[in-house]
Amino acid sequence: MFPTPIAKTSRTWQISYQILVPLVMLIWLLPLLAVANFSVKPEADFVNGNYWGIPSSFDAISNYGKVFFESNMPRYLFNSLLITIPTVIGAVALSCMAGFALGVYKFKGNLLIFFIFIAGNFVPFQILMVPVRDLTVSMNLYDTKTGLVLFHIAFQTGFCTLFMRNFIRALPFPLIEAARVEGIAEWRIFLYVVLPLMKPALAALAVLIFTFIWNDYFWAVVLTQGPDAQPVTAGITEFNSQFRAAYHLMSAGSIVAALPPVIMFFLMQKHFIAGLTLGAVK
Amino acid sequence: MASADTNRSWYKRNEIAVTPWLFLLPAMIFFAVYVIIPIGQSFWISFHEWDGLGEKTWVGTANYERLLGWGDQNMDRKFQVSFWNNLKWLVLYLLAIPAGLFIALFLNQTVTGIRFYKSMFFFPFVISQVVVGLVFSWFYLPREGLLNAILGVFGAGPVNILGDPTLATYGIIAAGLWPQTAYCMILYLTGLNAVDPEQVEAARLDGAKGHKMLWYVILPQLKPATFIAFVVTIIGALRSFDLISVMTNGGPFGSTRVLSFYMFEESLSEFGFRMGFGAAIAVVLFFIMLGFITYFLYAMYREEKGAH
Amino acid sequence: MSGVTLNKVIKRYGDVQVIHGVDLDIADGEFCVFVGPSGCGKSTLLRMVAGLEETTEGSIHIGDRDVTRMDPSERGVAMVFQTYALYPHMTVKDNMGFGLKMNGHPKNEIESKVAEATRILKLEPYLDRKPSALSGGQRQRVSIGRAIVRGPEVFLFDEPLSNLDAELRVEMRVEIARLHKEIGATMIYVTHDQVEAMTLADKIVVLRLGVIEQVGAPMDLYRDPDNKFVAGFIGSPAMNFVNGTVKGGNVEAPGLAARYEGLINTAFEGKAVSVGARPEHITIDPAGDTHTVELTESLGGVSFAYLTSETGERVIVEERGDIRSEEGATVGIHIDANRIYLFDAKTEDRIRS
Amino acid sequence: QDLSGELNIISDMSNPAPRAVMEGLAADFDALHPDLEVNLTIVDREAWKTQIRNALGANPPDVVNWYAANRMRPYVDAGLFADISDLWAEPEFEALASTKGAMTLDDAQWGVPYTYYQWGVYYRKDIFDQYGLTEPSNWEEELANCQTLLDNGVKCYTIGTKFLWTAGGWFDYINSRTNGYDFHIALARGEVEWTDDRVRQTFANWRQLIDMGAFIDDHQTYSWQEALPFMVNGEAASYLMGNFAVAAMRDGGLTDDQLDFYQFPVINADVDFAEDAPTDTFHIASGAQNMDAAKEFLRFVTSAEVQTAINGGDALGQLPVNANASIDDDKFLAQGFDMLSNNAGGGIMQFFDRDFDAEMASVGMEGLQEFMVFPDNLDDILARLEETRQRIYQ
Amino acid sequence: MSGVTLNKVIKRYGDVQVIHGVDLDIADGEFCVFVGPSGCGKSTLLRMVAGLEETTEGSIHIGDRDVTRMDPSERGVAMVFQTYALYPHMTVKDNMGFGLKMNGHPKNEIESKVAEATRILKLEPYLDRKPSALSGGQRQRVSIGRAIVRGPEVFLFDEPLSNLDAELRVEMRVEIARLHKEIGATMIYVTHDQVEAMTLADKIVVLRLGVIEQVGAPMDLYRDPDNKFVAGFIGSPAMNFVNGTVKGGNVEAPGLAARYEGLINTAFEGKAVSVGARPEHITIDPAGDTHTVELTESLGGVSFAYLTSETGERVIVEERGDIRSEEGATVGIHIDANRIYLFDAKTEDRIRS
């Protein structure tokens, strides 16, 4: 292990390390702590210039209450869920199949198709913006969650396929050969042999895609409008268009918006990180 | 049994050849419809003038001429600004890699609670860029911002980072570095996990210590992690949109524009809807990215060939 | 009726030919072992029999069915992989029954077949475990069980024991021998382990560079190799080879400090030959002075002396009993002339007189 | 008239007060027509500016909000707004005559106004009183007032130019006061070069304020709302804004005693007052499913009673467009109405971003913002604007 | 002056003690091999000498320096790892010179030392290759070269050959023996391979559960093991053990169908003992009828017969020469009484009479 394990270093360094780590962490998370602080402040604090100090009164309930009961936030959150979950399911399903095909079979064009998926995943997605918007409009899916979901599925498929294919590649190929020798149909091999083995990859990918989609802002802006279909990232600025910059409400809203992926991260940390490092690309 | 043998269906006989295509089909359709074809369409649109509503008018390479300043025109000013900003993003965003490495080295210990600390350090990556943008724009507020409060303690400042055209881009990049560093940190932490302990031991016997160990033994082994960190950071840098949109909306007076933002502005913003011109910007951006895509694919290709 | 016949079988990967027209007959119930150096095509040949690799040219028959173009599943073969290839998410029982289940066999039939295989392999205590909870040997046994359950005509093994440690390897080797005796099916077994090949095989096939060098019973190969390659490959430590020349109908082998008469016919007069002698057939004469003992390696009951002759050639001699030669000593050696093997130095073919 | 089916409205009145008004309107109209189902969608005001195209494109609603003048043009040209000249021909519409011009393109009318509001300088009367200042009537007084304020550590004007358009207001006023309405409109139509000396004069006047340090610092980082606290806290004394800002200022805690309004003062005595008074409008999509109901709704919102109701101080707090409607007795509305009726001889401007071509407006406002921060860059900015003008207007 | 001395060395991981007070003297220039079953602490002990693991208690001396608390790089040791631990991004040359470079040696000194090591190990053709372009044996040779270059007083090897295939293993083994002779440095070598231990060692240390069971020259351990563990561990195939009892001063061993007189003193009367006999010391008497030949495995020059006695105990016998017993035959066996080893059945200690 590098650097030298702390247990093998001098006592003073051990102690200073133990102190340093939480300290550095606090500095690292300072912006977040500030938001958390903002979100429990009364509006008056901002008027009085008490931006960063201790809240003059603890208004969490009223602030979050406003976010939940007096704004469109719940609708936005719900939209986010309805966009994110089908996307995760769709993208993972498609890419499982594609990854299986690309990872297991040798056929002409295998590598080419695979590379197209990768390349597509890396293109600056702005180049898709205008045509995709037109396509969505012409399919009557503009400003619908479905339109957003379909696009997200398609675009994420590139990344997911890269991920799944590499994962399947790493499975021991003799498993598939063993199944073939046993006379098992190919689709059954996929269903009963490969799929169960991909569980960790599925989990990792699902968590990862969940966060990506949940945090998407660009496409939400391009393909949707208003609280009918827009996800929470796009909705969060709604607080801003009222008469003054409502820092406290926006902070509360931000925290609410950030919560699902954060919870996801903490619950599924292992998978999440596996996903990042395995798939390696956003 | 025998009859089943001779009457094997066409599918059964060609099972291994046909199956992959059946499995690929849905993903390929989706991908073609939403990604491949639109790329082509963007190319097509970039040769037109089009407001997104009426008919397209073929203008040939006029959009590119205006953008890149071919012939007697000057290069589009906004494009220049955007392009240089993109370069700044590309270069400075790479700081996330050493920063991530540094934090990863700092945290690569086994003490109680280190798992918790690691996840807290990773935290910013999970948060939406919109939220990050908001948080940092408050952090930078010219009068009330925490940054100026801190600078004030040292008797410096105040600065209005996002209001100063020479600083605003750096301010946004710094905000972007926050989650990106977290990302690189995770990559390096997993990379460090995979460092061969025997090599470290061999190096210890060889008398390599501290930064020498890092430079000669650890870093070379972290090459895969570095490669990945490099790729994701470049892609992240070229895709920078959310932050700019939230933090400065391209301003002040367009000084924080990057190509992706410029193209969005031209195509879909309030005063935009010059789809052809926007598409031309996208195409240029695409070609810049193509360099990196090619690099990545080449690396993958080599790996594939090496593996078999 | 389920022997395996390979007929001018050829395998090409693109332009590279890796199997060069192999002809082979494996009788019903025979235990056939493929050996050869790494990369010689053992696995490829086996996988062609299994149907996992396409056969480029030639034909493969199992029993009297031409299976050359058949799917693996239709060939009536079962394969045991080096890495076991057990489905990690299924219990031992499910692993063994999976193939039958997927092909729609009724439940009770599956049960009884699995039970039978379990009995043969003594796997009862593990039936409900996942493979990850088994030791290497147990895993390999399950993978053999999975093969048995399908009741194939031919069993194929690709280095099934090489992932096990030495002790387990011995144990499993005995197990496989017993299995063959009990089931009596045709088995083809790939290994690069001398001992496995010698002890298990009814018939050993020695491959080199995609070509069969020799086929025969283990002791026949040991006693009567067709060429220098086989002679050197079978037997451990390997046969010693020194250069010799044929002079006046006699073979002179300065490396062995000896001259052998009447071993060779006159056609070879003046030619260079390779003279082979197995370490176990050489005895050391402490009184001699033709060789120097460079190194001795004692393994307890047996020890090996590494001698150098005056020609600089190295000769390894196996010594038994309690008297061993000393390093640095000068000794002579003795070999019975009828233990001498001669090979053409060019073609490396055996010269049988 | 028996209306049935559905009426789909998309409105951008997303701020709380207007939102309530719009919801009220929809509900009332719904109540009036029992067989008709009114569906109202409210969209974020900023977002709507980009989204209207998509909304009108496929599966359009029946009625949408938008703006008058040039801002209508893309949709009129693309045939997305319905021609409602027939509606304007109805006698009831006589009462809207004053705004007919703003709704007319290509000799036809494409929408109806429902409200408009004056722009002007809102100021802290209490601060003015404290330093003995009075409402300025000409540029010199304005400058003098400002100097006094600055000497006392109070900024003259607050402004937030992050989203650019606020700077457009300043340009509208200084330019029209310096060169007159006609020149301003000619510039908007692309008929005058940006490098014209008269334009330079406008900027020179503006620069006087900038050089004095009249505007708050760092305005380029603030939205207009974020700039409000400066006024509320007394760090700045006035705000050149539309009347909608009054609600926000009151919201921020300023009482009507502290707050007052004056018309932007004279700069060049030779030119008449011209005022920014943007008109907000309703339009019918050409693809409307329920044309009858849509037209009826337009009649409804322009009727005198409804106009009176929705523009009241407790509602929009703006000016009604129907001449027969009465104006709430809010002091700002009264002053504004008076100003627009009696003291705007030069003409009514719709606002920078509505009078200028869209691309010109965006490039222009960016230049204005830059000018406000770096006045020395003026030559460069003007050259850039001129280049853009030449490209756009060929 | 660079022997290694361990003095009551103890290693604990938290609460778990894995090395229980080891005392050991390794003379200057000696080749010492640690053997023992997996997990017995061989690697741990070696790594403590290297300084890669801290020594919990006791002291370690190299020459007359107390190195117990020194850094690995200061101890004058070099280590060769099982997985070679070559730096994959450096060429062979750089790999070998790395240690010197790190310690600031001048370039030409590094060059000449690397050249010397290259010569010894015949690595010239590979100097500019990366490790990934080398075969396993070559890699291991480079890693040994890296050790040589640093000119250490003590070489440490942790199972250096276990990742190589059988053939290479033999080759590298001879290489290491030659190296030891050439350099003459002290070497400590961990292995669990019988043959390596027997052939390389000047001194074998048999470890079990963190305790030294016996230390001695290979043939001494083979001939005169101190206890049943060592007896069973050294020698391949392992010594046969059957149960015996002491009756009237004689040892009765029904598993061998034999009775041995005068081997044991009367103190053991009535006690249970373990009777050991090595396969190579047993001869088969085809005329006998006490054992059944269950299986024979022929390896060419030698074959092993697996016999079962009437007691059900299994006895393995090594057969040489051309006459081998047949499977299924009934035979008798014979062992010289002086080839018999007796162990206390309880303590497993050797009973020397």
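For the reader, a short list of remarks on this structure follows.
For reference, chains read A, B, C, D and E in written order, and residue numbers begin at 1 within each chain.
Convention: a residue touches a chain if its C-beta (ideal position, glycine included) is under 8 Å from a C-beta of that chain, and two chains touch if they have at least 3 such contacts.
Given the structure is predicted, the values throughout are model-derived calculations rather than measurements.
Steps from chain A to chain D, taking the shortest chain of touch contacts, total 1. Counting steps between touching chains, the shortest path from chain C to chain D takes 2. Averaged Cα coordinates give chain D a centre that lies 93 Å from the centre of chain E.
Inter-chain spacing, taken between the CA centroids of chain C and chain E, is 28 Å.
Centroids built from CA atoms put chain C at 55 Å from chain A.
Shared interface positions of chain C, i.e. residues touching 2 or more other chains, are given as 71, 74.
Among the residues of chain D, those touching two or more other chains are numbered 46, 57. Across the assembly, chain A contributes 46, 133, 185, 221, 237 as residues in contact with two or more other chains.
Of all residues in chain C, those touching chain E in their complex are 38, 174, 177, 192-195, 198-199, 218-219, 222, 234-237, 278-281, 295, 297-302, 306, 318, 320. Per the touch definition, chain A reaches chain C in the complex via residues 172, 174-175, 177-185, 188, 192-193, 196-197, 199.
Chain B meets chain E in the complex at residues 196, 198-199, 201-209, 212, 216-217, 220-221, 223.
Residues 14-16, 41-48, 51, 54-55, 57-59, 223, 225-226, 228-229, 232-233, 247-248, 251-253 of chain D are the ones touching chain A in the complex. Residues of chain B that touch chain A in their complex: 15-17, 19-24, 26-28, 30-31, 33-39, 41-42, 45, 52, 105-111, 114, 117, 119-124, 126-132, 134-136, 138-139, 141, 143-146, 149, 178, 183, 186-187, 190, 192, 195, 197, 200, 210, 213-214, 217-218, 228, 231-232, 235-236, 238-239, 241-242, 245-246, 259-260, 263-264, 267-268, 275, 278-279, 282-283, 285-286, 289, 292-293, 296-297, 300-301, 304.
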